[in-house]
Amino acid sequence: MNAVYGLFAGLSALLLVVAGFAVVTRRHFAAVVGFTAFGLLLSLAWVALAAPDVALTEAAVGGGVTGVLLLSASVQMRAKMEVLPSWGVRFIAAVLAAIVTAGLMLVVLMLPDEAPTLAPAAKESLAFTGMGNPATAVLMAYRALDTMLEKVVLLLALVAVWSLGRDHFWGGRPDFDFSTQTSGPLLLLARVLVPVGVLVGIYLFWVGADEPGGAFAGGALIAAMGLLAFFAGVARPPLVGSGWLRWAVVAGIAVFLIVGFGGFWGAGDFLAYPDGLAKPVIVVIEVAMTLSIALTLVLLVVGPPGRRP
Amino acid sequence: MTMKPFSMIALGWPMFLLCGLLIRPLRKWLPRLLWLAPLPAFILVFFEDVGAPVTLLLGAAAALWSIGGWAVPSYFPGGRPGVGFIACWLLTLTGSLGVFLVEDRVGFLVFYALVSLPAYGLVVSEGTPPARRAGRIYLGFAILGENLLLAAFVILSRGVMPLPPIATALLIAGFGAKIALLPLHFWMPLSYTAAPIPAAAVLSGAAVKAGIIGLLRFLPMETTPVMWGGLLVTVGFCGAFYGVAVGLTQCHPKTILAYSSVSQMGFLAVIIGMGVATHDGSVATLAAFYGAHHVLAKGVLFLAVGACAARPSLTVAPAALIGLGLAGLPLTGGALAKLAVKAPFGYGPAATLASLSAAGTALLMTHFLFRLADARKNPAVSSGGGLAPWLLGAVACIAFPWVALSMTGLSWSDVVAPVALWKTLWPVLLGGTAGVFLRRIRIPKIPAGDILALATPAVRTAQGAARALGHLDTTLRHWPVACGALLVIVLALLFAAWL
Amino acid sequence: MSEALDVFTRIAVSLGAMFFLAGTVGLLRFPDTLSRLHALTKADNLGLGLIVLGLLPQVAWPFGALKLVLVWVLVLAASAASSQLVARKVRGGKDRS
Amino acid sequence: MSEIFGFTAACLVGLGLYGLIVHSSALRKILSFNVLGSGIFLLLGVIARRGAAAGLVADPVPQALVITGIVVAFSATALGVALIRRLDEDDEEEGEP
Amino acid sequence: MSSAALLILVLTLPVAGILLVVVGGGRQARGISLAVLVGNFAVAVGIGGAVCRTGRAVTYSSGGWTAPLGIQLRADGLSVVMLITAAVVALAVGVYAPNEFAVRRGGVETRRSLAFWSLLLAVSCAMNAIFLGNDFFNLYVALELLTFAAVPLVCLTGTRATLEAALRYLLFALTGSALYLLGVALLYGNYGTLDITKLSGLVRYEPGMPLWVAVALMTSGLAAKTALFPLHLWLPPAHGGAPPSASALLSALVVKGSFFLTVRLWFDTVPGQAGMRTGQLLGAMGAGAIVVGGVLALKQERLKLLIAYSTVAQIGYLFLMFPLAGHVGALSGGMLQAAAHAFAKASMFLGAGLMAEVAGSDRLDGLRGMGRALPLTTCAFVLAALSLVGVPPTGGFMAKWQLLSAAFSAGQWWWVVVILCGGLLAGGYMFRAVRPTLVEGIQPAAAIPRLREWVVLALAVCALLLGGFSKKVLELLDIGRPQITEMRP
């Protein structure tokens, strides 16, 4: 047991060091690299906390796609070094942050000994949903409304990112052009890794009902493959104005809504799943959602249209 | 808002006329129809029982609005004031009549706002820089008064008995701002000087009485603590004499009339204060009688300023009658008003002061009459017009108190008794003589708005404070500062909740 | 039997971990990018291979094992490609000049 | 164990807040925001782990909240980065002519 | 479907609208959006009817999963008033939205048309979700949805200044929501539920330091998103720089979202439990907002910035309800103020947009002659200003009346002074905004469709009517409130 404690303590220390480096260093690029490493380490922490679903999501998003996003911004930035405020400001900020941290630590220690939990309730209702993975049950059944709203958030973020383009590029392709030095290895990687990766992504979402995985982790993996394909120049980002793209982007929420209102007819409530059909219906939603998530994530990273249609 | 059905008609009618502004062909005719606007309210006075004070004040106010409305076209080129002027006129009119008719508190505040705020449009309608300045100051006071009254009314509506002193203080301050009680008076000379003559007439005569009816209604004489009566009497007398003193230094007839209003409103406050001090509710009717006479007299005197430029021969003599009447010239309506309010003053020092203030009024009116006569040689002072309304108004002003005398409990024989005649005559003689002598002395000029000149340092301080707040805003809007403030707020909230 | 397999797992995973350690030391100690890269890829690929090998007896046959091997192969491909890219980037400047 | 990660979460929150206050460039603020967010998520993870009951190793509800939260935080990052990139492009265009 | 299902309908209808706009491209965006907004309004009124009829709060659990495991939606009097307000404002903005957001001739979608209409619907959706939410995490997602809808609205024109304003807004709002989420996490850790109704029952018996840490974090996070002084750094540039229809949404609705959540937190979750000082602290910040916002508004030379600073000041009034909590009039006064400000401010921003279109800029000294050029708009402008100043019988007046009443009943006279000073300042800055429009002057001829002017006027009239019907509104606000059992000493 002590060894496990030591391991966790070491992991925590490593996390803090890397995060501290990412926050404190003056070089933007280094900070972003540090943050990506932090994301990967964090997913280890999630495994330690018995949250494999979160670990997968964190690895795909926190360490993966977010890293790419931040990297793309840091590469483009003209200033490579951060201009920090005066010593006094930093000191006051550090004191304030330290007080908050200390307070939080105190609160962590004061958390009730008998932790209040919804685990029994979740477990009890698990049978109705026909799923084996309680986290997925929470996401897709108990708190499905959250998940739907969250997908709207994602879609809206896409609209928001698109709205940052320029008027004359509207309808065109995002300008995500890193293929100036397309090279053999990258090409090879794209050709080999992308199909396998997409397969793994689909697998992740498929097993998500019963095992760690789920639509978001799967979608994020597929998105990463898409980005790799763009990097290697194997594929081009789609036209923002194209019809299929729009349909694909909204598919997840649309199916959600259809199933939701179907619930009135089938089970008397919005987003209620008919007895025995819960799992297939959820899988249908997840198929559409995985597609939409993958596409939306890719589009979020490649940014607004930057070339004339 | 609660009121009697006929009151709704009386107040709906001007609003209906206002809607006429939306119809383009009607717009041309509306200025000529303004005199019709207050008529339903005027008719209402004769058959609806609204209580003696309201009957007196409302009747006089409606009559003045009608006369003033008749005079409006003659003061504007082509007889067509701007749409804004008409709208403001009708809105102010509605408010001015509405404060007498509405029965609930919120409704009173609504009409009070209506009589106060749109009048800004009347004050600034000439668009000159002094008019705009006067308008700004007027509006500031209107909003100040409105806010004070809001607070007072909220306390009133909580129904706590006895009324907390702060509520009474707020009421007096709020209505005091409207009736230009010292030291909240300086907006009055500025705005009456700036406003066109018919507007100045209705504002000084009718609109200002919203404050009087407010004091009468919300400071019931029977129950308000005596102390407040004393305060009103003191402040009122100060205003009565101060108005005369500063008025004497003025040249422009409109400004002199405005200072006379300051003085007269002060005197009215004294009457109300006497009522409060003696817990005698009947004084309300007497105060209303005095006020009603002032409605017509002051309004008509403003019209005289315009009429004088057109036909001096038909103006100066009646104006002298009315002006000195304000001071109590025997057998005029003003004398009746003065006699009516004799009773509450008794025979003590208050009575002496009252007589002295009447002498002061006579002095100021003499000064006004000289200036009026001078002004006809100086066309810059006023553009002429409105002869017929002026004459009608003059007749109404002289006749009205005789008609309404019975409401005060005085009889004809009381007012023609030699003692009564002498009582009202000597202050007039004293003041008039002093006025004639004063004409030979050069009096130092004080700018209209008197103590406003002293406000400059205060304004500078305020500007400095505003600049400081601007710097504060700039500092707080720095990212690290705001972010740090956020954390400080977290800690402060926690600290406050935890302790 | 299972105990022997457990012992094998322990040995193989520990060996793998040693290689990772060595790779990390190399990354920190070597003077230039290329040699760091060398240390890292060589050691890590081998280390991961040993760990996968060690874990094979512990997982369900055949899909679990297949997944593990797949993980190794994918990492191999990715690290090969990325180290190539890094190397090219390092040399890129010199080539052009 | 929950304390260890709980303290780590608190420190991450503090680090994130510090970064948010002192950094002047938006990119680093967004990065700090992500660190801050990670701290909060980790705290939820600790709460989930403490809530293990009824045969489940953790309370799945906070875990699901974290997954939703990660998506939301990512959306925020994407929007922020898009804004930064657009502003940088504008800078370049102004600089070039 | 029962009337409770209307709750889910009002949530999903705008979502469906967004999907249709994205799929249909900007081509039919306007038509779709207007249809959805009309439907949204109808459903909001329907919910209002249901709540009035039953005299109780209407609740709905999605999927039949009841709290604490599931998410409950709940419509009480507060929700209904704000729902209808938001629906009216959103619809008005939709009708007003100028041609720049319509589709170009030939049916080609433009960036702005797609973005504007979907963001408008998203604001509507997020507001509905916030007003109906009864689960703090669900509310977090709704709050973020609102932020992501609001930020791009700021920079729809794409100028550098607006982009910077948007970025600053985004970053500060994110900081705020992070603090909020931290508080939510602590609440869950201590009570094992995020359902407001359940929580309010639990915290009564087990208050303690963790609860107050959570409440402090959530409150300050929400205050940052509401731009409560001194956290208002982002508001003036964002609201002052956005296109007018966006500014109207931002000022009238978006800041009310996080404010509404604060109300839910303080009045529904921990009612009557915080000490005297917390309320006073929030009230003090509100007072600071009223004074600093008012003075800064007085100093502005541009109409839209003036209105933006007036929003800073008016937000201050909203927070005066917290020190007065527990006294009759505090809650209703604050909510009335929120609704009245929504109508009046939307009307002002939209009106300012029309004036800027005619005059070519929104500099105050360039607005002379507006009274003649845009009579209806000027009329609306005056009405809206009166409501903001608090002149009877407008909604703003009734709100102040309620707040003052609560202040007197609490014996906290200092808030009376603040409210009265605020009224004077408001009179001053609104005078500065309105006066030039009433002065004679010459404006270039510009064809403004009458409909747009009527929309502006209609909103101002709503602010006026809110005062006239305040009795009804006050009754409505009381429906579904937990009985106030304890009055604070």
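General remarks:
Order as written gives the chain letters A, B, C, D and E; numbering starts at 1 within each chain.
Quick note on the criterion: a contact is a pair of C-beta atoms (placed from the backbone, for glycine too) under 8 Å apart; a residue touches a chain by one contact, two chains touch by 3 or more.
Being a predicted model, the structure only gives us computed values, none of them experimental.
Listing every chain that touches chain A and chain E alike gives B, D. On a Cα centroid basis, the chain most remote from chain E in this structure is C. A count of C-beta contacts for the chain pairs D-E and B-D puts D-E on top.
Relative to chain A, the most remote chain by averaged C-alpha coordinates is B. Closest chain to the protein centre (all Cα atoms averaged), using per-chain Cα means: E.
Chain B and chain C have Cα centroids lying 95 Å from one another. In this assembly, the C-alpha centroid of chain A lies 71 Å from the C-alpha centroid of chain B.
Our note on geometry: chain A versus chain D, Cα centroid distance of 11 Å, whole angstroms.
Between the CA-based centres of chain C and chain D the separation comes to 30 Å, rounded to the whole angstrom. In chain A, the residues that touch at least two other chains are 85, 89, 93, 96-97, 100, 103-104, 111, 115-118, 122, 142-143, 146, 150, 153, 156-157, 160, 164. Chain E has residues 69, 137, 141, 144, 148, 151-152, 155, 163, 175, 182, 186, 188-189, 192, 209, 213 in contact with two or more other chains.
Residue positions of chain B touching 2 or more other chains, listed in rising order: 479-480, 483-484, 487, 490-491, 494. Applying the touch definition to all chain combinations yields A-B, A-C, A-D, A-E, B-D, B-E, D-E.
Only residues 103-104, 106-107, 110-112, 115-118, 121-122, 125, 141-146, 148-150, 152-153, 155-157, 159-160, 162-167, 170-171, 241, 243, 246-247, 249-250, 253-254, 257, 260-261, 263-264, 267-273 of chain A touch chain E when the two sit together in their complex. The part of chain C that touches chain A in the complex is made up of residues 70, 74, 77-78, 80-82, 84-85, 88, 92.
On the chain E side of its complex with chain B, the touching residues are 168, 172, 175-176, 179, 209, 212-213, 215-217, 219-220, 223-224, 229-233, 236, 274-275, 277-278, 280-282, 285, 291-292, 295-296, 298-299, 371, 386, 389-393, 397, 400-401, 404-405, 408-409, 413, 416, 419-420, 423-424, 427-428, 431, 438-440.
The part of chain E that touches chain A in the complex is made up of residues 1, 5, 8, 11-12, 15-16, 18-19, 22-23, 25, 60-65, 68-71, 108-112, 114-115, 118-119, 122, 125, 129, 137-138, 141-142, 144-145, 148-149, 151-152, 155-156, 158, 163, 182, 186, 188-193, 208-210, 213.
On the side of chain A, the complex with chain D involves touching residues 4-5, 8-9, 12, 15-16, 19-20, 22-24, 28, 31-32, 35, 38-39, 42, 45-46, 48-51, 53-54, 57-58, 61-62, 65-66, 69-70, 72-74, 76-79, 82-85, 89-90, 93-94, 96-98, 100-102, 104-105, 108-109, 111, 115-120, 122-124, 134-135, 137-139, 142-143, 146-147, 150, 153-154, 156-157, 160-161, 164, 214, 216, 297, 300-301, 303-304.
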